[in-house]
Amino acid sequence: MIPRYSRPEMVAIWEPANKFRIWFEIEAHACDAQSRLGVIPAAAAKTVWEKGDKPYTPERIARIDEIELETKHDVIAFLTELAEHIGEPSRFVHQGMTSSDVLDTCLSVQLSQAADLLLADLDKLLAALKRRAFEAKDMPCIGRSHGIHAEPVTYGLKFARFYAEFARHRDRLLRARMDIATCAISGAVGTFANIDPAVEEYVADKLGLTPEPVSTQVIPRDRHAAFFATLGVIASSIENVAIEIRHAQRTEVREAQEYFAPGQKGSSAMPHKRNPILSENLTGLARTVRMAVVPALENVALWHERDISHSSVERMIGPDATVTLDFALGRLTGLIDKLVLYPQNMRDQLNNFGGIHDAQRVLLYLTQNGVSREDAYKIVQRNAMRVWKSFGIDPDNTDAPAPLDETEKEAAGHENRLFFFLSKDQDLAKALRVEDLKALLEEDSISYHTKRVDTIFKRVFGA
Amino acid sequence: MIPRYSRPEMVAIWEPANKFRIWFEIEAHACDAQSRLGVIPAAAAKTVWEKGDKPYTPERIARIDEIELETKHDVIAFLTELAEHIGEPSRFVHQGMTSSDVLDTCLSVQLSQAADLLLADLDKLLAALKRRAFEAKDMPCIGRSHGIHAEPVTYGLKFARFYAEFARHRDRLLRARMDIATCAISGAVGTFANIDPAVEEYVADKLGLTPEPVSTQVIPRDRHAAFFATLGVIASSIENVAIEIRHAQRTEVREAQEYFAPGQKGSSAMPHKRNPILSENLTGLARTVRMAVVPALENVALWHERDISHSSVERMIGPDATVTLDFALGRLTGLIDKLVLYPQNMRDQLNNFGGIHDAQRVLLYLTQNGVSREDAYKIVQRNAMRVWKSFGIDPDNTDAPAPLDETEKEAAGHENRLFFFLSKDQDLAKALRVEDLKALLEEDSISYHTKRVDTIFKRVFGA
Amino acid sequence: MIPRYSRPEMVAIWEPANKFRIWFEIEAHACDAQSRLGVIPAAAAKTVWEKGDKPYTPERIARIDEIELETKHDVIAFLTELAEHIGEPSRFVHQGMTSSDVLDTCLSVQLSQAADLLLADLDKLLAALKRRAFEAKDMPCIGRSHGIHAEPVTYGLKFARFYAEFARHRDRLLRARMDIATCAISGAVGTFANIDPAVEEYVADKLGLTPEPVSTQVIPRDRHAAFFATLGVIASSIENVAIEIRHAQRTEVREAQEYFAPGQKGSSAMPHKRNPILSENLTGLARTVRMAVVPALENVALWHERDISHSSVERMIGPDATVTLDFALGRLTGLIDKLVLYPQNMRDQLNNFGGIHDAQRVLLYLTQNGVSREDAYKIVQRNAMRVWKSFGIDPDNTDAPAPLDETEKEAAGHENRLFFFLSKDQDLAKALRVEDLKALLEEDSISYHTKRVDTIFKRVFGA
Amino acid sequence: MIPRYSRPEMVAIWEPANKFRIWFEIEAHACDAQSRLGVIPAAAAKTVWEKGDKPYTPERIARIDEIELETKHDVIAFLTELAEHIGEPSRFVHQGMTSSDVLDTCLSVQLSQAADLLLADLDKLLAALKRRAFEAKDMPCIGRSHGIHAEPVTYGLKFARFYAEFARHRDRLLRARMDIATCAISGAVGTFANIDPAVEEYVADKLGLTPEPVSTQVIPRDRHAAFFATLGVIASSIENVAIEIRHAQRTEVREAQEYFAPGQKGSSAMPHKRNPILSENLTGLARTVRMAVVPALENVALWHERDISHSSVERMIGPDATVTLDFALGRLTGLIDKLVLYPQNMRDQLNNFGGIHDAQRVLLYLTQNGVSREDAYKIVQRNAMRVWKSFGIDPDNTDAPAPLDETEKEAAGHENRLFFFLSKDQDLAKALRVEDLKALLEEDSISYHTKRVDTIFKRVFGA
């Protein structure tokens, strides 16, 4: 977590003012519960709220720090400062509790708050993806597998699948949130020896948490591991989208481009450049969110009723992973929102290679018209290679014939070169009439390939 | 995945015979669907089942391998061998599909099968943990935080919290299973250009999968990432239990011991040793399951409509992580099932330090009887230190008085030394009567600490 | 480690025959050392070699396995089988040693053997990279940062930097090899209580190892951690090269292509495709080698004088990481060796954008001729944007003027469009004479950019 | 990196003042080099030093930040602020360089500075370990494998092996430092098109770096990966030491204890506790240093002549990993320095189990006196089990005889119970005379086990 990659709302969750506020609420609610049980006087519990319920100003925080320097114990410092406000009844505060009751329940609240911000982030991202998906639903472009032109898709499909991916993440995060939203006020080794379980139940209810069914000194760390693992999975999908955009913005592809504000400078040395720096940055940020996963897994195994090895880890990855993921989701949403699409370039890419993306379509047509799969494959592959070669690709491939000279090129045309070669193939001629082939390829190739887009959208976005 | 850490049922999932069987089922069901759509003749679909529905024997697999050597394409090799059985109608098989449709859907089936075994493993482990939990529900032992004696718990609470932890894992795994149980038969770039989505829906239904709402050439890898991350979280809890047992079996602790079969040899050089090798082994196995998580996360970001970088990773971590986790869960269940408990040693540990685990209890009693928290803390800490020192612990601590001589030791007794010192404390004497303190400490300390165990068990195991 | 990604020589290192052979050598050399020390009879040591020095055939291995089933102890099984060959003197074998002395020293030998193979792999890779570097030393192509055209480089520079990278890896691996090439024959807790350190020194010398200065029951695991971390770093560079090639083979780039054997099939569904499957595969393999790093780091912290948690991890990552890395290095070498380069496509890419890669050169020229840096930047950026826009790129950029109509395009030409716009810029005209600019841009741009290639090659490959 | 786990000297390396200072030096030295080459006037280079060579005060940094807000480019903001100080000659600054030349070379300097601090940290740690090693050289304690008592060692051996481990780390870090101490001033794509390589060589020399033989826009990231991997390996050894101490401080072990300052508070709820919180904390910190390794490996593969995905990662892990490791090494050194040892407790642990640690010694004696290994093992194991059982351990083991009654216990004594049982063993009596056995066991067992300690110390610390 560094300021450059942080947003204030998420940072605030991890700041002392919020932490102490949560501590106060835990203690104050616990007092209420204890007073209901008759363990402490009702008046004391009332005083806690009346005199203690005020913001943790920088002055108060400084005072707590000052006390901690002396006592070397954060919760004791907090309680001592609180006592300065509420006076004598302070001795009823924290009765029967241990520091971990406060610290661990506070962490649950902080992680829940963080999860809520992240859920809101996801909602905004989903809205942006949905909007762009519908905008580009029928915007054809070449689909690629292995980085190689395959068959047409639409740009909307890309947004739609990212939408579906992040919609799954929303579900996962919701469950991960439930996983860490538990409350433990169960004492030094989790036995409730010195405190009634009803206190835990009461505080849990007030804070929107569930009571931890069985704790030790701490809440079990498989919960936190599952939470951070979920953040890591989400981060990986951010990288997934980022890689797509980085490819799209490549000079040779130019199907999309990150929005570049008027006046924004690119490279200091090379004035001509527009770099996809946001998505590159997201690629790196994804790595840094992911790096929380392994230590969170290593944190699960604690000695007996707890050791404190997990604590320093969580002090770092708690803020780091949530702040960075929040920032990254925000940046990604902005990026998607303003992403500049170049439909003409998409079409150009589609048409750049003589209709070669129809190879499978021809193959299928042949097999459906009596040509064996093996023969059909050979015929189509042979002519596809001719197309590539006619565009200067794979010129060393000895299987393919010589490249076209200029006259032939003109005859072959640019966009329908696959047909040009197929129509001259002797083996093919034996199998079917050139007219039929021509008819096939004159049908609109794009709509052949995109005819199910509506169906897919219905699946993803509902009716 | 190595034979030493493998069980046959899980290994079988990843063997060619199972893989080809699944491929066959995908193709055969797809034929049924295509014939219903009128795309291929009903007779052809029927023939596929009639002639193709037989086990993949070693001979058939060898034949497929032979063909693959030639074609260098696994799915084509599979289809060619299948054709040798079903003859001419074979040309209707795989119509409009791509290899990935078969491969990726097959992986979904394999991972679902693996998840089913793992769920069954978890059920067995949960049963063992529950049985041992109730057996040891009221078996007192010292609870430890930081490896230091804290306050009493019962051994049953340890099993109960492991039960709760693995019960959570069962839920997580169930969701992870749903996450990867999807079917994609959507063609080269996921557009269904050459195949009706109804085929996907039909096959999905037959195989117990859900249709993937939007795929590219492949099923999106966030699903697999979430799956392997879940395995990693589960593995971490195996380590958690293993660490507990390794500590319990330490020579100085001896509260529990892995079952050691009659005749089993321990150390070759040191005939006196009984080592917790199973739980040590589980600690290592947990690491190897976890190591699948990061590459699974790295697999999420693919280029455009797919690149194949994820494939080699999954060929390894698919079998490795599931086979090892299955083995580890089985080993852990056996270990828990037969774990030898030493209640007498537990009691000895509890009583070894003069009742010092009642320090907090006394502290609370003092504060509830008018002593300020600060004073009470000082009094109790001071006398607790005397107890430690009287047992030869922390002898350099200058705060504490000289250790007891033999006469004093006898006077002090062994099990109630905290009371001995407290009763001589002048400050304490001012605050309360020794008789009251004595009365407090004569109450059964153990039942004071364990009085909520039933409540906790009810939370964990239900009424 | 799976057969598909394995080579026999590396696999053999991890097979029982090699392992038992190393065990035998350790024991036999130890006997020699013990006999020199007078601990065991010289005749016994002689007999061990005379009767025991024969290959571990499948029959012998089966016999050892059979004994292990009974004793459940691998080293004892090994010694028992050995005793069947050498008879009575067998009781002098293994005197004063523990199993770990044999197992851990054996692992050192196996890792050293593995390192030797990997070093040889690196030598072959370096040779291939060097050959291709010189072949392409003066083959110009566009350099790209952020995936965006920047300034010209040569393809040879790419190979040269990969060469330098793997040359560094060679050094690192050599040191990592030294790190794990130690021998420990120091007894149950490393004290040499029952064996003279001279035995360790003798065996170390015979096996080409260094004696471990201080061991416990085992060799310290920081050594192995450093070793596997080094494999992970090397793997990451494999990914680095693989990514370069995958980009180069993209349909839109086509500067290089993996060799495609005549007759090789590509996609089953799309006969027109040539996919960079080797480098995609290497990308995945890199991830699987890397996944050994974290568990190797986790293995370092052992309890007291050893626990055995590291063992199961090493049984897996030892073979897995070395076998996979060996395979990957071999595959990468083959790929580099046969990589098809397309110099014409490289030139086309270079010239595709009107000489825009000279933007910085013009900028520098302006500042060196009295224009302030700020003004120069603005002038060059403005005209660079005009170039992009004239090629249909970034058409929404409101800063840039309208695109060229056909007449203007003809006037502007294709390859020198940057000059075309610059020469019309009024601000520029004030700063310098168009003739000077023309003179500048008529100099060969490529040789301007590549004039230091020889210097760089000298740095990398020496004089 | 959070204040709680940071030390000011390391933090300062990563602060703006240091960063800008390094930037300034790079630029100023580059000006000198350019003036020697005649590219810029000597007077200009002189002015840069004369007017620019002053500290980066908070005011200057604020000014740079202000400019960056406008230009959104850090290097340009830096140069603009610098120009405000040096005036007109500022136009000669940064000539022919790109931002990456400055940024990447600066990172090399920062990482070198960080490495220097870490090397000094290691020196202090090594000194502490050495001192404690010699102090405890002959302090006997039980050695443990698998957490089970094995045979005696000395506490000094533990420190000695940690010394050897960190001495290896010193070597590794030194090499890692060399790995990242390179300088690149090679322009936008590493071709030196606009700058003479002599500038790079000159600046490198002035900054104590080596010129990068071949760079792209950036220094190759395998260097940084090797660096961070080394930090991860070192961190793992910190965990190794920490685990040893955490075990030593366990209530049941009590062989050592972290120093506890007078007046320091332990648990807030349990006044009797002294927890090994420093070593627990180090366990966690080790995890957080290690988490930098994987993203550093993922950073190696960059697109073409660079993408910027690595940058955000390094902005975080650069400070985080070095600051945390520095803090952890400092904390570890303090911990080792003041660690309280309890030799009497060590001796008690040694003697607690009736001399059972001599089991192997007896075994060896038997085999050397004509008993077969198998028989000797059975005899010794049988009696070792009797010893355990007589101490109430493993009472369910049906192989062992009934536990001793009180009379027998007295007869058996405490410290030499192994002999007691052996001397009654009928099979043993057949093999040797009880007197011989007695003579053997009356020799000092401890000095038998520790006789090689001097040899080992000589190996580790030299003559």
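Order of writing sets the chain letters: A, B, C and D. Residues in each chain are counted from 1.
Assume contacts are C-beta pairs under 8 Å (C-beta built on N, C-alpha and C of every residue); 3 or more make two chains touch, one makes a residue touch a chain.
The chain lineup, named per UniProt: A, B, C, D = Adenylosuccinate lyase.
Computed from a prediction, not measured in an experiment: that's the story for all the values here.
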Greatest separation from chain B (Adenylosuccinate lyase) - chain, by CA centre: C
Same-site or different-site touching of chain A (Adenylosuccinate lyase) by its copy chain D (Adenylosuccinate lyase), using the half cut: same
Where chain A (Adenylosuccinate lyase) and chain B (Adenylosuccinate lyase) are represented by their mean Cα positions, the distance between them in whole Å: 26
Between chain A (Adenylosuccinate lyase) and chain D (Adenylosuccinate lyase), centroid-to-centroid distance (C-alpha), Å: 34
Inter-centroid spacing, chain C (Adenylosuccinate lyase) versus chain A (Adenylosuccinate lyase) (mean Cα positions, whole Å): 30
Touching two or more other chains - residue numbers and ranges from chain D (Adenylosuccinate lyase): 144-147, 150-151, 187-188, 194, 246-247, 267, 269-270, 275, 277, 280, 283, 290, 294, 298, 303, 307-308, 360
Chain D (Adenylosuccinate lyase) - residues contacting chain B (Adenylosuccinate lyase), complex: 144-151, 246-247, 249-254, 257, 260, 262, 266-267, 269-277, 280, 294, 298, 340, 342, 344-345, 348-349, 353, 356-357, 359-360, 363, 377, 380-381, 384-385, 387-388, 392-399
Residue numbers on chain C (Adenylosuccinate lyase) that touch chain D (Adenylosuccinate lyase), as the complex places them: 91, 95-96, 143-147, 150-153, 157, 160-161, 164-165, 168-169, 172, 175, 179, 187-194, 197, 211, 213-217, 220-223, 225-226, 229-230, 232-233, 235-237, 239-240, 242-244, 247, 283, 286, 290, 293-294, 297-298, 300-308, 360-361, 364, 367, 372-373, 448-453, 455-456, 459-460
Contacting residues of chain A (Adenylosuccinate lyase) [partner chain D (Adenylosuccinate lyase), same complex]: 1-2, 4-5, 71-73, 75-76, 97-99, 187-188, 194, 246, 264-265, 267-270, 275, 277, 280-281, 283-285, 287-288, 290-292, 294-295, 298-299, 303, 307-313, 315-317, 320, 324
